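Take a look at this one; I'll ask things after.
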Amino acid sequence: MRGKPLGPDVDLGVLAKRTPGFTGADIENLVNEAAILAARRNKRAVNMEEFAEAVERVIAGPERRSRLITEKEKRITAYHEAGHALCFAKLEHTDKVDKVSIIARGMYGGYTLALPEEDRNNLSKSELEDELAATLGGRAAEAIVFSEITTGASQDLRQATQTARDMVMQWGMSEGLGQRTFGKKEELIFLGREIAEQRDYSEEVASQIDREIKTMIDRAYQRAHEVLTTYRTQLDAVANRLIEKETLERIEFDALVGLAPSAA
Amino acid sequence: MRGKPLGPDVDLGVLAKRTPGFTGADIENLVNEAAILAARRNKRAVNMEEFAEAVERVIAGPERRSRLITEKEKRITAYHEAGHALCFAKLEHTDKVDKVSIIARGMYGGYTLALPEEDRNNLSKSELEDELAATLGGRAAEAIVFSEITTGASQDLRQATQTARDMVMQWGMSEGLGQRTFGKKEELIFLGREIAEQRDYSEEVASQIDREIKTMIDRAYQRAHEVLTTYRTQLDAVANRLIEKETLERIEFDALVGLAPSAA
Amino acid sequence: MRGKPLGPDVDLGVLAKRTPGFTGADIENLVNEAAILAARRNKRAVNMEEFAEAVERVIAGPERRSRLITEKEKRITAYHEAGHALCFAKLEHTDKVDKVSIIARGMYGGYTLALPEEDRNNLSKSELEDELAATLGGRAAEAIVFSEITTGASQDLRQATQTARDMVMQWGMSEGLGQRTFGKKEELIFLGREIAEQRDYSEEVASQIDREIKTMIDRAYQRAHEVLTTYRTQLDAVANRLIEKETLERIEFDALVGLAPSAA
Amino acid sequence: MRGKPLGPDVDLGVLAKRTPGFTGADIENLVNEAAILAARRNKRAVNMEEFAEAVERVIAGPERRSRLITEKEKRITAYHEAGHALCFAKLEHTDKVDKVSIIARGMYGGYTLALPEEDRNNLSKSELEDELAATLGGRAAEAIVFSEITTGASQDLRQATQTARDMVMQWGMSEGLGQRTFGKKEELIFLGREIAEQRDYSEEVASQIDREIKTMIDRAYQRAHEVLTTYRTQLDAVANRLIEKETLERIEFDALVGLAPSAA
Amino acid sequence: MRGKPLGPDVDLGVLAKRTPGFTGADIENLVNEAAILAARRNKRAVNMEEFAEAVERVIAGPERRSRLITEKEKRITAYHEAGHALCFAKLEHTDKVDKVSIIARGMYGGYTLALPEEDRNNLSKSELEDELAATLGGRAAEAIVFSEITTGASQDLRQATQTARDMVMQWGMSEGLGQRTFGKKEELIFLGREIAEQRDYSEEVASQIDREIKTMIDRAYQRAHEVLTTYRTQLDAVANRLIEKETLERIEFDALVGLAPSAA
Amino acid sequence: MRGKPLGPDVDLGVLAKRTPGFTGADIENLVNEAAILAARRNKRAVNMEEFAEAVERVIAGPERRSRLITEKEKRITAYHEAGHALCFAKLEHTDKVDKVSIIARGMYGGYTLALPEEDRNNLSKSELEDELAATLGGRAAEAIVFSEITTGASQDLRQATQTARDMVMQWGMSEGLGQRTFGKKEELIFLGREIAEQRDYSEEVASQIDREIKTMIDRAYQRAHEVLTTYRTQLDAVANRLIEKETLERIEFDALVGLAPSAA
């Protein structure tokens, strides 16, 4: 931690649990952010408060409270995040929701932080299917509540597509394509980064891959839709509380989603 | 604003509303343009007049009054711009028309300025569909009035294609292709700009994408056509006033389009 | 005009009309060529004569009187140029023929200069269709008169293909493909020039584009064929006068094509 | 061995047998690793102990005992490695299992070391088919025992795909494609590495290749599945002993798999 | 001619007729070769003899008398060249045969020099079709006489393919594809040469192009076959005389082919 | 031969016959190798012995006697080389076998040296078809004798594919594709080597090419199979003698294959 005194409340175990999948660079970045925040606040030591905020900064970028949004956009964002969060809460193989917020951070209008109970190296097909549904939960909520969809879900769709692609092409999890991988990454050394994925399969297989991805995404979206329709009462409750308070911590969120399911 | 005195009539709120989506560079550019105009006019302060003109310069390039155009071209341009403007005015989810002009600016023969009521981060499918129709309103007007189409709509077609592509490929807004994204942008670092979109989908999907885009564009063109046929009286009124005055401000435009619709 | 005295007969209005679509570089080139010609001829001022010749040099390269051609080639070239010129003269939406010549210039065996009455910014579909027919008029004439086709039309075919492609792909003028654009130009900066057109459409659409281009080209060739068959008397008259005089100016050309049409 | 004294127990014959397929660079690497380990341990000579550990380091990377894994992950890894090992043990044309371990090394959660009895230059189709089955034995074990599959098999799938591809495309071992090769490797000299495989065959053949690969992989997976179902008792025994001891040497492994097969 | 004295027998008119299509660089090369030959022979002036030999050197490379060939190869080459020459002689729209030789030059085993009567700028479809047949006449002769084909015709096939491609793709001379061009040459400036032909047409058109090329080549080969079967007596006569004398000049060749045609 | 004294037994005629197709660089390499061998052996002159060995070194790399191979591998290699050699001996249009060996050289386990009777410039279709069969004779022998195929034939398959491709694509020797060539080699100058073959034909033709190649390869393999089945007695004789002696010179080989054919 390079000479920066830690406050007595800093619990490295809690911190580690909040930073699953962090690389060495991420952690260095995190410590720097926390130290900068402490310096700005004229604190002698870096306390848990600074670390907690730094975690969010590293994951989603700094808060953008200055951004003005309309009441309508606020409502859409609230339902969008509530949609993600409720799917995480109600599906079986998902991480626990740690925080939901509609305070804009970086390029996101809001964010839902779901953390695994323990550090994992591998993910099972069931976990990936539930994650896929939760990723699409934001758009499903918008469609259910406003009968309208927006460009705001673009990043979610991109992430869901990448997950479904990897399930089919890297992890052998499709029904029809079997226990093999597809495609070959090429990294151009003189550019210092990946530039192209070489297609080492036929056009016929490319069509099958697209069909498998579509099946996975359709099923995941349908499951998100079912969860949110079943728990519409909780969806409204979480969204409304978000509009009111902007951020929900785990305890309050858990209390809200513990309500009884809607009648079918 | 770097040492340039602002005139007492400058209203930054009004200015901000006229510059939605402006980047920092755009705003710097805008301020420079306004200051240059004030200097040319030997004014001590930069007034609202200079800012208003600078906004148009930044969006569409400087006026080109020197360009000689024939009466026929003037008439075509007037109907083209009236076509855009009327679609903005009569469709439900569109921005309000702020100004219509047939004074050539940059590479455009004329321009229609439609501004959102408030700054938005996301766009809904309904808003995009109406925008698409308004974009094609210029060519629709030419086809209705002159039974002829020209190369002048080329930039509109390009923009409409890009919007429809993004709706299908980035925003999951097509009927048949579902909640995923298609394609992957590659940016070649040593060139400093995007150079290619990598196709990460099958030929079968490529055909579906083209069909979805065609459906969206056809529907949008048909809607523009219907609006302009329904409000033919207003179309003629706006075009004729443009031929006469070259530029219409919001108030006069609104008065003209408030006339009763044509008989079907 | 940089210090070069202009002769009293130089009419800049006439000059401007002869140089539609010229860029700044073209005009600079033109003035230099005229000054060089005047210098070679030991003239004190640059007269209209030098400008007129310079225009042709800039458009088609310098005359190549030294090139020896056979009588047969001369006859083919004469009918080829007469074919272009007659289509320009008899089709409705075309420019007026200013000059027809079978004196070789640059890489062309002859040339037909057709100039618009006035400067235009946009072209209508009807104008493009007639231009297409006139571009193919040279080969049509060869086929009608000699029942033989030659490699001499290669540049015409290339130009016709480019025009038809743009009508379908950039200007939305095909029957079936609708109000959109196709393809994306990529310019490689480090090469300083366009190098590739990125295909952003499916193979299915590529086939449709080829079919639309073929339809346009076939129709245009057929129309050129009809014009030249209908006005065969004039075709022979223009070709024969070209063989005799090598160059026809507008007045003489107009007199020849004013003859009555051939019996069907 | 460059001045590093070898301990009296170092048997180069045993060492050679453990390093089949090693290149000169691998061997140099191996010797360095052993010397480093000896230095760390303040030994005057490099003993067999250091060489044995160095072999594993070179093949799978250094041990990562510090990595914390859950009991569940440990159990999955144990069955995964037991699956590989049992296939090697029970299939006819395979190498003998030398060691099985669930201690994480490099990017692997565990590893199974199977060594050929003697150095080989060529591999037969039967040997490759059994190797393919053993490679897929890890995932098959997970599917049988947990009715779940995970991302942990990704590297196995990649390796199996590459083997099946080579059998079809480089070694003429498919049923339908015959005694030829497909594809051409291109190595870009200025990049110092292979960058692309040039496709020198038709799309029709590409589909056939994919079908042949699928057939091979499906058959191999099915064979692994059969072996593990037949010898379920042994699978459980090996996995349980691994959970308990983390590493099994050849003797203990052989004793466990010598048990009678399960009833069908 | 840069200071090299020309002999009194040098006829520049005859020389020009023997060098159709020569570029400036070719002519400079030619003059240098002739001067070098004169120098080697200790001549004071460059005579027609040196120029004549230099023309052949520039076209086909220097003679390679040192190359040893078997009697069998000599016979094949003789019939191959006789096949080319007889097609030139008997087809209607071809150049006249100036010389036939089976002395190896550069990479060719022999060569047939056919020169146009006069310099031409364009070629007609009929001329190209006959040239195509003559190009394939060498292989046709081998097939007729030896019932065997060899790799020796490779360069002829390449040239015939290029001519047929250009007829279809650049010169609009196919039945079905119409008056347009296909493909776009890209020249990479930093490489100083053409590197790729960009495909600006659909796969469907690519198939049509291949079919048109095949039709043209098949027809041309069949015509060559017919000519050589009809004039088998002359084919034998020319081949036998070539075996005997190695080179035939125009006069002797014309006498041999003037014989009566074979009975059908 | 640059100052190296040649032994009195060196016969340059015999040497030339053993080095068909050698380039200047190959010959320089050959002379150097022979001189080095003579130097190692402390000889004053380079004798025929050194040249003979040098020829083999240049063609297949230096002997690798140190490589240890199992008896089984030795037997496979012996039958593999015997398969090649017997096809050369029994097919009509092939070169004569000069030497067969199972001493590993370079990357080959063994080699069969077949030399043409005389230097040839072109190859006939019949010669190429027999060469193709002989190339596949090694694998055919393995399949017949061991009912198993190995990766050892990989280089043979690659060579057979290249020959069949050239027959179809460069030499016009297929049934269905006619007298043309396919594909265009591109050599990237700044890389100093060929990098890609540009496809200048349609997908439909690509399928036809693959089918023609398959037909040629299948037929060649079948012919090799028939030869080896018919002459099984000789195959066993040659293989057994190779196992015993490792290398067979022409005389001994010829004696062995002169035995009567096996009963069908």
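Each chain carries a letter (A, B, C, D, E and F) given by its place in the written order, and its residues are counted from 1.
Heads up, the rule we're going with is that contacts are C-beta pairs under 8 Å (C-beta built on N, C-alpha and C of every residue); 3 or more make two chains touch, one makes a residue touch a chain.
Because the structure is a prediction, the values reported are computed rather than measured.
A.B. asks: Going chain by chain, each one touching the next, work out the least steps from chain A to chain E.
C.D. replies: The distance in steps between these two chains is 3.
A.B. asks: Give me the set of chains touching chain D intersected with the set touching chain F.
C.D. replies: Under the touch definition, chain D and chain F have no mutual neighbours whatsoever.
A.B. asks: How many steps does it take, at the fewest, to get from chain C to chain F if each step moves to a chain that touches the one before?
C.D. replies: Tracing touching chains, the least step count from chain C to chain F comes to 2.
A.B. asks: Tell me, please, which chain's centre (mean of its C-alpha atoms) is farthest from the centre of chain E?
C.D. replies: Max centre-to-centre separation from chain E belongs to A.
A.B. asks: What angle of turn lays chain A on top of chain D when you fit their CA atoms, given in steps of 5 degrees?
C.D. replies: Rounded to 5 degrees, the superposing rotation is 60 degrees.
A.B. asks: Could you check if the interface between copies chain E and chain F is built from the same residues on both sides, meaning over half shared, or from different ones?
C.D. replies: Under half shared, hence different.
A.B. asks: Could you give the separation in Å between the centres of chain B and chain D, each centre being the mean of its C-alpha atoms?
C.D. replies: So the centroids are 61 Å from each other.
A.B. asks: List, in ascending order, every residue of chain A touching at least 2 other chains.
C.D. replies: Residue numbers touching two or more other chains: 190, 203.
A.B. asks: Pick one for the touching-chains graph, please: line, ring, star, complete, other.
C.D. replies: Ring.
A.B. asks: From chain E, heading first to chain F, what order do the chains fall in as you go round?
C.D. replies: E, F, D, A, B, C
A.B. asks: Across the complex, what residues on chain F touch chain E?
C.D. replies: 118-126, 128, 170-173, 177-182, 186, 188-190, 198, 200-205
A.B. asks: With touch defined as at the start, can you tell me which chain B residues reach chain C in the complex?
C.D. replies: Its residues touching chain C are 68-70, 73, 76, 109, 136, 139, 148-154, 157-158, 160-161, 164-165, 190-193, 195-197, 203, 206-207, 209-210, 213-214, 217-218, 221.
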